[in-house]
Amino acid sequence: MDINTKQYKRCTVVNMSGRIDANTSPELDNAFKEVLENGKNNIVFDMSGVDFVASRGIWVILEAQKACKQANGELVITNVSDNILKSLDLAGVKHFVKIFPDIVSAVGSF
Amino acid sequence: MDINTKQYKRCTVVNMSGRIDANTSPELDNAFKEVLENGKNNIVFDMSGVDFVASRGIWVILEAQKACKQANGELVITNVSDNILKSLDLAGVKHFVKIFPDIVSAVGSF
Amino acid sequence: MPTASFPGYFTSLPKISEFIKEIATNAGMDDAKVYQIRLAVDEAFTNIIEHAYGGEGKGDIDLSIEPIKEGIKIIIRDQGESFDPDTIPQPECDVSIDELKTRGAGLYLIHQLMDKVNFESDASKGNVLTMFKRW
Amino acid sequence: MPTASFPGYFTSLPKISEFIKEIATNAGMDDAKVYQIRLAVDEAFTNIIEHAYGGEGKGDIDLSIEPIKEGIKIIIRDQGESFDPDTIPQPECDVSIDELKTRGAGLYLIHQLMDKVNFESDASKGNVLTMFKRW
(Lines give C-alpha, C1' and ligand atoms only; values in the text may rest on other atoms or scores of the structure.)
Protein backbone atom coordinates (compact mmCIF):
# COMPACT_ATOMS: atom_id res chain seq x y z
CA MET A 1 0.00 0.00 0.00
CA ASP A 2 1.25 3.37 -1.02
CA ILE A 3 -0.41 6.77 -0.65
CA ASN A 4 0.61 9.85 -2.62
CA THR A 5 -0.69 13.36 -2.55
CA LYS A 6 -0.27 15.98 -5.25
CA GLN A 7 -1.41 19.56 -4.98
CA TYR A 8 -2.94 21.33 -7.98
CA LYS A 9 -4.24 24.87 -8.13
CA ARG A 10 -7.78 24.05 -7.02
CA CYS A 11 -7.65 20.53 -5.67
CA THR A 12 -5.45 17.89 -4.11
CA VAL A 13 -5.14 14.52 -5.78
CA VAL A 14 -4.70 11.64 -3.36
CA ASN A 15 -3.88 8.29 -4.81
CA MET A 16 -3.45 4.98 -3.11
CA SER A 17 -2.54 1.56 -4.35
CA GLY A 18 -3.55 -1.85 -3.07
CA ARG A 19 -6.35 -2.75 -0.68
CA ILE A 20 -8.44 -0.47 1.49
CA ASP A 21 -9.56 -2.68 4.35
CA ALA A 22 -9.64 -2.64 8.15
CA ASN A 23 -5.88 -2.89 8.12
CA THR A 24 -5.03 -0.10 5.69
CA SER A 25 -7.97 2.32 5.89
CA PRO A 26 -6.52 4.23 8.87
CA GLU A 27 -3.60 5.32 6.67
CA LEU A 28 -5.96 6.62 4.03
CA ASP A 29 -7.92 8.37 6.76
CA ASN A 30 -4.71 10.08 7.89
CA ALA A 31 -3.84 11.13 4.36
CA PHE A 32 -7.24 12.79 3.92
CA LYS A 33 -6.99 14.47 7.34
CA GLU A 34 -3.56 15.83 6.48
CA VAL A 35 -4.89 17.44 3.32
CA LEU A 36 -7.69 19.08 5.29
CA GLU A 37 -5.31 20.20 8.02
CA ASN A 38 -3.27 21.93 5.35
CA GLY A 39 -6.32 24.04 4.62
CA LYS A 40 -7.22 22.21 1.41
CA ASN A 41 -10.79 21.03 1.07
CA ASN A 42 -11.12 19.88 -2.52
CA ILE A 43 -9.92 16.33 -2.94
CA VAL A 44 -9.74 14.01 -5.92
CA PHE A 45 -9.30 10.45 -4.70
CA ASP A 46 -7.66 8.62 -7.59
CA MET A 47 -8.45 4.92 -7.15
CA SER A 48 -6.60 3.70 -10.24
CA GLY A 49 -4.26 1.63 -8.08
CA VAL A 50 -6.88 0.37 -5.63
CA ASP A 51 -7.97 -3.23 -6.16
CA PHE A 52 -10.15 -3.89 -3.12
CA VAL A 53 -12.36 -1.71 -0.94
CA ALA A 54 -14.06 -3.00 2.20
CA SER A 55 -16.74 -1.07 4.07
CA ARG A 56 -14.05 0.46 6.30
CA GLY A 57 -12.65 2.10 3.21
CA ILE A 58 -16.08 3.35 2.22
CA TRP A 59 -16.49 4.97 5.62
CA VAL A 60 -13.13 6.66 5.36
CA ILE A 61 -14.17 8.13 2.01
CA LEU A 62 -17.53 9.28 3.37
CA GLU A 63 -15.96 10.77 6.50
CA ALA A 64 -13.53 12.68 4.32
CA GLN A 65 -16.43 13.91 2.19
CA LYS A 66 -18.18 15.10 5.34
CA ALA A 67 -15.09 17.04 6.41
CA CYS A 68 -14.57 18.52 2.94
CA LYS A 69 -18.19 19.66 2.71
CA GLN A 70 -18.03 21.18 6.19
CA ALA A 71 -15.06 23.20 4.93
CA ASN A 72 -17.08 24.19 1.82
CA GLY A 73 -15.10 21.84 -0.37
CA GLU A 74 -15.79 18.52 -1.97
CA LEU A 75 -14.26 15.09 -2.39
CA VAL A 76 -14.71 13.28 -5.70
CA ILE A 77 -13.40 9.91 -6.78
CA THR A 78 -12.11 8.60 -10.06
CA ASN A 79 -10.68 5.54 -11.81
CA VAL A 80 -12.83 3.08 -9.92
CA SER A 81 -12.61 -0.51 -11.18
CA ASP A 82 -15.84 -2.30 -12.14
CA ASN A 83 -15.81 -4.65 -9.17
CA ILE A 84 -15.24 -1.84 -6.72
CA LEU A 85 -17.82 0.36 -8.41
CA LYS A 86 -20.48 -2.31 -7.94
CA SER A 87 -19.78 -2.57 -4.23
CA LEU A 88 -19.73 1.22 -3.82
CA ASP A 89 -23.10 1.26 -5.55
CA LEU A 90 -24.44 -1.34 -3.11
CA ALA A 91 -23.33 0.88 -0.25
CA GLY A 92 -25.00 3.91 -1.84
CA VAL A 93 -21.76 5.87 -2.21
CA LYS A 94 -22.93 7.62 -5.37
CA HIS A 95 -25.54 9.50 -3.34
CA PHE A 96 -22.73 11.25 -1.51
CA VAL A 97 -19.71 11.30 -3.81
CA LYS A 98 -19.30 12.20 -7.48
CA ILE A 99 -17.52 9.52 -9.45
CA PHE A 100 -15.56 10.61 -12.53
CA PRO A 101 -14.41 8.26 -15.30
CA ASP A 102 -10.90 9.71 -15.45
CA ILE A 103 -8.62 11.92 -13.42
CA VAL A 104 -8.60 14.77 -15.94
CA SER A 105 -12.36 15.23 -15.67
CA ALA A 106 -12.13 14.92 -11.88
CA VAL A 107 -9.41 17.58 -11.59
CA GLY A 108 -11.15 19.62 -14.29
CA SER A 109 -14.37 19.69 -12.24
CA PHE A 110 -12.87 22.03 -9.62
CA MET B 1 -5.59 14.29 -38.43
CA ASP B 2 -8.28 14.58 -35.84
CA ILE B 3 -9.05 17.47 -33.51
CA ASN B 4 -11.15 17.14 -30.36
CA THR B 5 -12.21 19.70 -27.84
CA LYS B 6 -13.41 19.02 -24.31
CA GLN B 7 -14.68 21.63 -21.91
CA TYR B 8 -13.79 21.48 -18.23
CA LYS B 9 -14.82 23.87 -15.54
CA ARG B 10 -11.90 26.27 -15.96
CA CYS B 11 -10.27 25.32 -19.23
CA THR B 12 -10.81 23.73 -22.61
CA VAL B 13 -8.65 20.81 -23.64
CA VAL B 14 -7.91 20.67 -27.36
CA ASN B 15 -6.21 17.60 -28.65
CA MET B 16 -5.03 16.80 -32.10
CA SER B 17 -3.42 13.78 -33.62
CA GLY B 18 -0.97 13.49 -36.49
CA ARG B 19 1.13 16.21 -38.09
CA ILE B 20 0.89 19.96 -37.69
CA ASP B 21 2.34 21.34 -40.88
CA ALA B 22 1.43 23.86 -43.60
CA ASN B 23 -1.33 21.50 -44.70
CA THR B 24 -3.01 20.84 -41.37
CA SER B 25 -2.23 23.88 -39.22
CA PRO B 26 -5.22 25.89 -40.53
CA GLU B 27 -7.54 23.32 -38.97
CA LEU B 28 -5.83 23.67 -35.63
CA ASP B 29 -6.04 27.42 -35.99
CA ASN B 30 -9.79 27.13 -36.53
CA ALA B 31 -10.19 24.87 -33.51
CA PHE B 32 -8.44 27.41 -31.26
CA LYS B 33 -10.47 30.27 -32.74
CA GLU B 34 -13.70 28.40 -32.11
CA VAL B 35 -12.82 27.96 -28.45
CA LEU B 36 -12.11 31.68 -28.12
CA GLU B 37 -15.27 32.59 -30.00
CA ASN B 38 -17.21 30.54 -27.46
CA GLY B 39 -15.92 32.89 -24.81
CA LYS B 40 -13.36 30.45 -23.42
CA ASN B 41 -9.82 31.73 -23.03
CA ASN B 42 -7.99 29.06 -21.07
CA ILE B 43 -6.73 26.33 -23.35
CA VAL B 44 -4.77 23.17 -22.71
CA PHE B 45 -3.33 21.91 -25.97
CA ASP B 46 -2.80 18.19 -25.46
CA MET B 47 -0.13 17.09 -27.95
CA SER B 48 -0.08 13.42 -26.96
CA GLY B 49 -1.23 12.43 -30.45
CA VAL B 50 0.95 14.90 -32.36
CA ASP B 51 4.01 13.40 -34.01
CA PHE B 52 5.34 16.30 -36.08
CA VAL B 53 5.23 20.08 -35.72
CA ALA B 54 6.52 22.43 -38.41
CA SER B 55 6.99 26.16 -37.85
CA ARG B 56 3.47 26.78 -39.16
CA GLY B 57 2.19 24.79 -36.22
CA ILE B 58 4.35 26.79 -33.85
CA TRP B 59 2.86 30.02 -35.17
CA VAL B 60 -0.65 28.73 -34.76
CA ILE B 61 0.12 27.92 -31.12
CA LEU B 62 1.71 31.33 -30.54
CA GLU B 63 -1.17 33.15 -32.25
CA ALA B 64 -3.60 31.29 -30.04
CA GLN B 65 -1.56 32.22 -26.98
CA LYS B 66 -1.69 35.85 -28.06
CA ALA B 67 -5.47 35.70 -28.38
CA CYS B 68 -5.89 33.92 -25.03
CA LYS B 69 -3.71 36.45 -23.25
CA GLN B 70 -5.58 39.33 -24.83
CA ALA B 71 -8.75 37.79 -23.38
CA ASN B 72 -7.01 37.48 -19.98
CA GLY B 73 -6.61 33.75 -20.38
CA GLU B 74 -3.74 31.47 -21.18
CA LEU B 75 -2.79 28.61 -23.45
CA VAL B 76 -0.56 25.84 -22.08
CA ILE B 77 0.67 22.71 -23.80
CA THR B 78 1.26 19.20 -22.56
CA ASN B 79 2.38 15.72 -23.61
CA VAL B 80 5.01 16.97 -26.02
CA SER B 81 7.25 14.25 -27.44
CA ASP B 82 11.02 14.64 -27.09
CA ASN B 83 11.65 15.36 -30.75
CA ILE B 84 8.95 18.00 -30.88
CA LEU B 85 10.07 19.52 -27.60
CA LYS B 86 13.58 20.04 -28.98
CA SER B 87 12.27 21.88 -32.00
CA LEU B 88 9.89 23.99 -29.90
CA ASP B 89 12.92 24.88 -27.77
CA LEU B 90 14.87 25.92 -30.86
CA ALA B 91 12.00 28.21 -31.79
CA GLY B 92 11.90 29.69 -28.28
CA VAL B 93 8.34 28.53 -27.59
CA LYS B 94 8.99 28.07 -23.87
CA HIS B 95 9.40 31.82 -23.47
CA PHE B 96 5.77 32.22 -24.39
CA VAL B 97 3.98 29.00 -23.46
CA LYS B 98 4.05 26.85 -20.32
CA ILE B 99 4.73 23.21 -21.06
CA PHE B 100 3.34 20.63 -18.62
CA PRO B 101 4.53 17.03 -18.42
CA ASP B 102 1.01 15.60 -18.25
CA ILE B 103 -2.54 16.65 -18.89
CA VAL B 104 -3.60 16.42 -15.24
CA SER B 105 -1.06 19.03 -14.18
CA ALA B 106 -1.99 21.18 -17.19
CA VAL B 107 -5.72 21.09 -16.39
CA GLY B 108 -4.91 21.39 -12.69
CA SER B 109 -2.98 24.61 -13.32
CA PHE B 110 -6.15 26.57 -14.09
CA MET C 1 -12.95 -29.05 1.08
CA PRO C 2 -10.14 -26.42 1.41
CA THR C 3 -9.96 -25.20 4.98
CA ALA C 4 -7.59 -22.80 6.67
CA SER C 5 -7.24 -21.14 10.00
CA PHE C 6 -6.19 -17.50 10.26
CA PRO C 7 -5.09 -15.54 13.31
CA GLY C 8 -7.55 -12.80 14.24
CA TYR C 9 -5.52 -9.85 13.00
CA PHE C 10 -6.43 -7.39 10.27
CA THR C 11 -3.18 -8.31 8.55
CA SER C 12 -4.78 -11.70 7.83
CA LEU C 13 -7.30 -10.01 5.55
CA PRO C 14 -5.20 -9.90 2.34
CA LYS C 15 -4.18 -13.53 2.86
CA ILE C 16 -7.79 -14.61 3.29
CA SER C 17 -8.67 -12.66 0.16
CA GLU C 18 -5.96 -14.45 -1.84
CA PHE C 19 -7.01 -17.83 -0.45
CA ILE C 20 -10.61 -17.28 -1.58
CA LYS C 21 -9.56 -15.82 -4.91
CA GLU C 22 -7.44 -18.78 -5.87
CA ILE C 23 -9.95 -21.45 -4.94
CA ALA C 24 -13.04 -19.68 -6.29
CA THR C 25 -11.31 -18.76 -9.54
CA ASN C 26 -10.00 -22.29 -10.06
CA ALA C 27 -13.48 -23.61 -9.34
CA GLY C 28 -14.67 -21.52 -12.30
CA MET C 29 -16.39 -18.60 -10.58
CA ASP C 30 -16.28 -15.44 -12.70
CA ASP C 31 -14.15 -12.51 -11.65
CA ALA C 32 -17.02 -10.25 -10.53
CA LYS C 33 -18.48 -12.95 -8.27
CA VAL C 34 -15.08 -13.89 -6.89
CA TYR C 35 -14.67 -10.26 -5.88
CA GLN C 36 -18.07 -10.29 -4.20
CA ILE C 37 -17.23 -13.41 -2.20
CA ARG C 38 -13.89 -11.89 -1.17
CA LEU C 39 -15.63 -8.73 -0.03
CA ALA C 40 -18.30 -10.62 1.96
CA VAL C 41 -15.64 -12.75 3.65
CA ASP C 42 -13.52 -9.68 4.37
CA GLU C 43 -16.49 -7.97 6.03
CA ALA C 44 -17.28 -11.09 8.06
CA PHE C 45 -13.68 -11.46 9.26
CA THR C 46 -13.44 -7.80 10.16
CA ASN C 47 -16.64 -8.04 12.20
CA ILE C 48 -15.48 -11.16 14.00
CA ILE C 49 -12.17 -9.57 14.96
CA GLU C 50 -13.81 -6.35 16.04
CA HIS C 51 -17.09 -7.46 17.53
CA ALA C 52 -16.99 -11.18 18.36
CA TYR C 53 -13.42 -11.14 19.70
CA GLY C 54 -13.47 -7.49 20.70
CA GLY C 55 -10.13 -6.68 19.07
CA GLU C 56 -7.14 -8.09 17.26
CA GLY C 57 -5.16 -11.07 18.53
CA LYS C 58 -7.91 -12.61 20.66
CA GLY C 59 -8.50 -15.81 18.70
CA ASP C 60 -8.34 -17.62 15.41
CA ILE C 61 -10.89 -17.74 12.65
CA ASP C 62 -11.49 -20.85 10.57
CA LEU C 63 -12.47 -20.60 6.97
CA SER C 64 -13.62 -23.31 4.63
CA ILE C 65 -14.61 -22.86 1.04
CA GLU C 66 -16.40 -25.59 -0.84
CA PRO C 67 -17.37 -25.56 -4.51
CA ILE C 68 -20.64 -27.52 -4.75
CA LYS C 69 -23.04 -28.20 -7.59
CA GLU C 70 -24.92 -24.91 -7.45
CA GLY C 71 -22.15 -22.60 -6.38
CA ILE C 72 -19.60 -21.97 -3.68
CA LYS C 73 -20.24 -22.46 0.00
CA ILE C 74 -18.22 -20.61 2.63
CA ILE C 75 -18.13 -21.46 6.30
CA ILE C 76 -16.50 -19.16 8.83
CA ARG C 77 -16.13 -20.16 12.48
CA ASP C 78 -14.98 -18.27 15.52
CA GLN C 79 -14.99 -18.77 19.29
CA GLY C 80 -15.90 -15.20 20.21
CA GLU C 81 -19.06 -13.63 21.62
CA SER C 82 -22.23 -14.68 19.91
CA PHE C 83 -24.74 -12.20 18.56
CA ASP C 84 -28.11 -12.12 16.89
CA PRO C 85 -27.84 -10.43 13.46
CA ASP C 86 -31.64 -9.91 13.40
CA THR C 87 -31.28 -7.26 16.07
CA ILE C 88 -29.03 -5.11 13.86
CA PRO C 89 -30.82 -2.28 11.98
CA GLN C 90 -30.14 -1.72 8.28
CA PRO C 91 -27.90 1.21 7.42
CA GLU C 92 -29.66 4.28 6.03
CA CYS C 93 -28.62 6.04 2.88
CA ASP C 94 -31.59 8.34 2.46
CA VAL C 95 -29.89 11.00 4.52
CA SER C 96 -27.62 13.95 3.88
CA ILE C 97 -23.88 13.50 4.25
CA ASP C 98 -23.97 15.40 7.55
CA GLU C 99 -26.57 13.12 9.08
CA LEU C 100 -24.91 9.97 7.79
CA LYS C 101 -23.64 7.74 10.58
CA THR C 102 -20.49 6.58 8.94
CA ARG C 103 -20.42 3.02 10.17
CA GLY C 104 -22.34 -0.16 9.73
CA ALA C 105 -22.56 -1.48 6.19
CA GLY C 106 -20.66 -4.72 6.74
CA LEU C 107 -23.64 -6.94 7.50
CA TYR C 108 -25.72 -5.22 4.88
CA LEU C 109 -23.06 -5.80 2.22
CA ILE C 110 -22.69 -9.47 3.19
CA HIS C 111 -26.41 -9.99 2.62
CA GLN C 112 -26.36 -8.10 -0.66
CA LEU C 113 -23.29 -9.84 -2.01
CA MET C 114 -24.14 -13.44 -1.13
CA ASP C 115 -27.15 -15.51 -2.20
CA LYS C 116 -27.63 -17.16 1.20
CA VAL C 117 -26.35 -16.13 4.62
CA ASN C 118 -26.91 -18.02 7.84
CA PHE C 119 -25.57 -17.30 11.31
CA GLU C 120 -25.61 -19.82 14.14
CA SER C 121 -24.21 -19.70 17.65
CA ASP C 122 -23.56 -22.84 19.60
CA ALA C 123 -21.97 -23.19 23.02
CA SER C 124 -19.68 -26.02 21.92
CA LYS C 125 -18.96 -25.19 18.27
CA GLY C 126 -18.82 -21.41 18.68
CA ASN C 127 -20.20 -19.08 16.00
CA VAL C 128 -20.75 -20.43 12.51
CA LEU C 129 -21.44 -18.16 9.56
CA THR C 130 -22.45 -20.05 6.44
CA MET C 131 -22.68 -18.19 3.14
CA PHE C 132 -23.46 -19.35 -0.35
CA LYS C 133 -22.85 -17.79 -3.77
CA ARG C 134 -24.39 -19.24 -6.95
CA TRP C 135 -22.19 -19.74 -10.02
CA MET D 1 21.19 8.08 -54.48
CA PRO D 2 17.42 7.96 -53.73
CA THR D 3 15.69 10.75 -55.60
CA ALA D 4 12.04 11.64 -55.91
CA SER D 5 9.96 14.42 -57.37
CA PHE D 6 6.97 15.78 -55.49
CA PRO D 7 4.23 18.08 -56.75
CA GLY D 8 4.29 21.47 -55.05
CA TYR D 9 1.29 20.95 -52.78
CA PHE D 10 1.22 20.96 -48.98
CA THR D 11 -0.34 17.49 -49.14
CA SER D 12 3.07 16.28 -50.39
CA LEU D 13 4.59 17.12 -47.00
CA PRO D 14 3.69 13.91 -45.13
CA LYS D 15 4.90 11.83 -48.08
CA ILE D 16 8.21 13.67 -48.17
CA SER D 17 8.53 13.16 -44.44
CA GLU D 18 7.97 9.39 -44.81
CA PHE D 19 10.42 9.23 -47.70
CA ILE D 20 13.16 10.88 -45.63
CA LYS D 21 12.33 8.87 -42.55
CA GLU D 22 12.64 5.54 -44.26
CA ILE D 23 15.91 6.26 -46.01
CA ALA D 24 17.59 8.07 -43.13
CA THR D 25 16.51 5.45 -40.60
CA ASN D 26 17.67 2.60 -42.81
CA ALA D 27 20.97 4.42 -43.29
CA GLY D 28 21.41 4.26 -39.50
CA MET D 29 20.60 7.84 -38.47
CA ASP D 30 19.20 8.00 -34.93
CA ASP D 31 15.58 8.89 -34.38
CA ALA D 32 16.19 12.40 -33.03
CA LYS D 33 18.35 13.35 -36.01
CA VAL D 34 15.95 11.79 -38.49
CA TYR D 35 13.25 14.00 -37.01
CA GLN D 36 15.47 17.05 -37.38
CA ILE D 37 16.16 16.28 -41.04
CA ARG D 38 12.44 15.75 -41.68
CA LEU D 39 11.65 19.07 -40.05
CA ALA D 40 14.32 20.96 -42.02
CA VAL D 41 13.09 19.43 -45.28
CA ASP D 42 9.49 20.19 -44.38
CA GLU D 43 10.36 23.84 -43.75
CA ALA D 44 12.31 24.04 -47.02
CA PHE D 45 9.44 22.53 -49.04
CA THR D 46 6.89 24.77 -47.42
CA ASN D 47 9.00 27.84 -48.24
CA ILE D 48 9.49 26.76 -51.82
CA ILE D 49 5.76 26.24 -52.35
CA GLU D 50 4.87 29.47 -50.65
CA HIS D 51 7.71 31.82 -51.62
CA ALA D 52 9.59 30.42 -54.64
CA TYR D 53 6.47 29.21 -56.50
CA GLY D 54 4.13 31.70 -54.85
CA GLY D 55 1.48 29.12 -54.01
CA GLU D 56 0.45 25.51 -54.36
CA GLY D 57 0.36 23.68 -57.68
CA LYS D 58 2.85 25.89 -59.51
CA GLY D 59 5.67 23.39 -59.97
CA ASP D 60 7.41 20.28 -58.78
CA ILE D 61 10.14 19.93 -56.19
CA ASP D 62 12.95 17.39 -56.52
CA LEU D 63 14.45 15.79 -53.47
CA SER D 64 17.49 13.62 -53.23
CA ILE D 65 18.87 12.12 -50.09
CA GLU D 66 22.32 10.60 -49.98
CA PRO D 67 23.95 8.82 -47.05
CA ILE D 68 27.66 9.60 -47.31
CA LYS D 69 30.61 8.83 -45.07
CA GLU D 70 30.11 11.67 -42.60
CA GLY D 71 26.35 11.87 -42.59
CA ILE D 72 23.36 12.44 -44.81
CA LYS D 73 23.22 14.93 -47.65
CA ILE D 74 19.94 16.36 -48.88
CA ILE D 75 19.48 18.24 -52.13
CA ILE D 76 16.24 20.06 -52.91
CA ARG D 77 15.65 21.67 -56.33
CA ASP D 78 12.89 23.91 -57.60
CA GLN D 79 12.25 26.09 -60.65
CA GLY D 80 10.66 28.99 -58.82
CA GLU D 81 11.81 32.50 -57.99
CA SER D 82 15.29 32.72 -56.64
CA PHE D 83 16.12 34.55 -53.43
CA ASP D 84 19.07 35.49 -51.31
CA PRO D 85 18.74 34.02 -47.81
CA ASP D 86 21.37 36.44 -46.51
CA THR D 87 18.88 39.26 -46.84
CA ILE D 88 16.44 37.61 -44.43
CA PRO D 89 16.64 38.86 -40.82
CA GLN D 90 16.70 36.35 -37.92
CA PRO D 91 13.45 35.95 -36.00
CA GLU D 92 13.33 37.62 -32.58
CA CYS D 93 12.29 35.88 -29.42
CA ASP D 94 13.36 38.51 -26.94
CA VAL D 95 9.96 40.16 -27.12
CA SER D 96 6.62 39.89 -25.36
CA ILE D 97 3.93 37.70 -26.87
CA ASP D 98 2.05 40.81 -28.04
CA GLU D 99 5.02 42.18 -29.94
CA LEU D 100 5.90 38.81 -31.42
CA LYS D 101 5.56 38.75 -35.19
CA THR D 102 4.17 35.28 -35.54
CA ARG D 103 5.90 34.26 -38.75
CA GLY D 104 9.34 33.48 -39.93
CA ALA D 105 11.20 30.71 -38.17
CA GLY D 106 11.51 28.33 -41.10
CA LEU D 107 14.91 29.46 -42.33
CA TYR D 108 16.15 29.85 -38.78
CA LEU D 109 15.11 26.28 -37.92
CA ILE D 110 16.73 24.88 -41.07
CA HIS D 111 20.05 26.44 -40.04
CA GLN D 112 19.70 25.24 -36.45
CA LEU D 113 18.68 21.71 -37.37
CA MET D 114 21.25 20.98 -40.09
CA ASP D 115 25.04 21.02 -39.86
CA LYS D 116 25.54 22.66 -43.27
CA VAL D 117 23.11 24.61 -45.42
CA ASN D 118 23.88 26.07 -48.83
CA PHE D 119 21.56 27.86 -51.23
CA GLU D 120 22.36 28.47 -54.89
CA SER D 121 20.33 29.95 -57.70
CA ASP D 122 21.18 29.28 -61.29
CA ALA D 123 19.30 30.40 -64.39
CA SER D 124 19.47 26.94 -65.99
CA LYS D 125 19.32 24.60 -62.99
CA GLY D 126 16.89 26.62 -60.88
CA ASN D 127 17.28 26.86 -57.12
CA VAL D 128 19.36 24.27 -55.32
CA LEU D 129 19.29 23.91 -51.54
CA THR D 130 21.95 21.56 -50.23
CA MET D 131 21.84 20.50 -46.58
CA PHE D 132 23.99 18.14 -44.60
CA LYS D 133 23.46 16.37 -41.26
CA ARG D 134 26.26 14.51 -39.47
CA TRP D 135 25.63 11.00 -38.11
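Points to keep in mind about this one:
Chains: A, B, C and D, in written order; residue numbering restarts at 1 for each.
Everything below uses one rule, namely that a residue touches a chain if its C-beta (ideal position, glycine included) is under 8 Å from a C-beta of that chain, and two chains touch if they have at least 3 such contacts.
Note that the structure is predicted; figures quoted are calculated from it, not measured.
If subunit B is disregarded, contact among the remaining chains splits them into the following groups: A, C | D.
At the far end from subunit A, in terms of centres built from Cα atoms, lies D. One simple way to say how far apart two chains are is to compare their mean CA positions; for subunit A and subunit D this gives 53 Å.
Separation between the centroids of subunit A and subunit C, computed from CA atoms only, is 25 Å. Separation between the centroids of subunit C and subunit D, computed from CA atoms only, is 71 Å.
In subunit B, no position touches at least two other chains. Of all residues in subunit C, none touches 2 or more other chains. A complete list of chain pairs in contact reads A-B, A-C, B-D. Those residues of subunit B whose C-beta lies close enough to touch subunit D in the complex are 19, 21-23, 52, 54-56, 58-59, 62-63, 65-66, 69-70, 82-83, 86-87, 90-92, 95-96.
Chain contact summary for the complex, subunit A toward subunit B: residues 8-11, 13, 103-105, 107-110. Interface residues of subunit C facing subunit A in the complex, by the touch rule stated above, are 10-11, 13-14, 17, 31-32, 35-36, 38-39, 42-43, 46, 49-50, 93, 97-98, 100, 102-103, 105-106, 108-109, 112-113.
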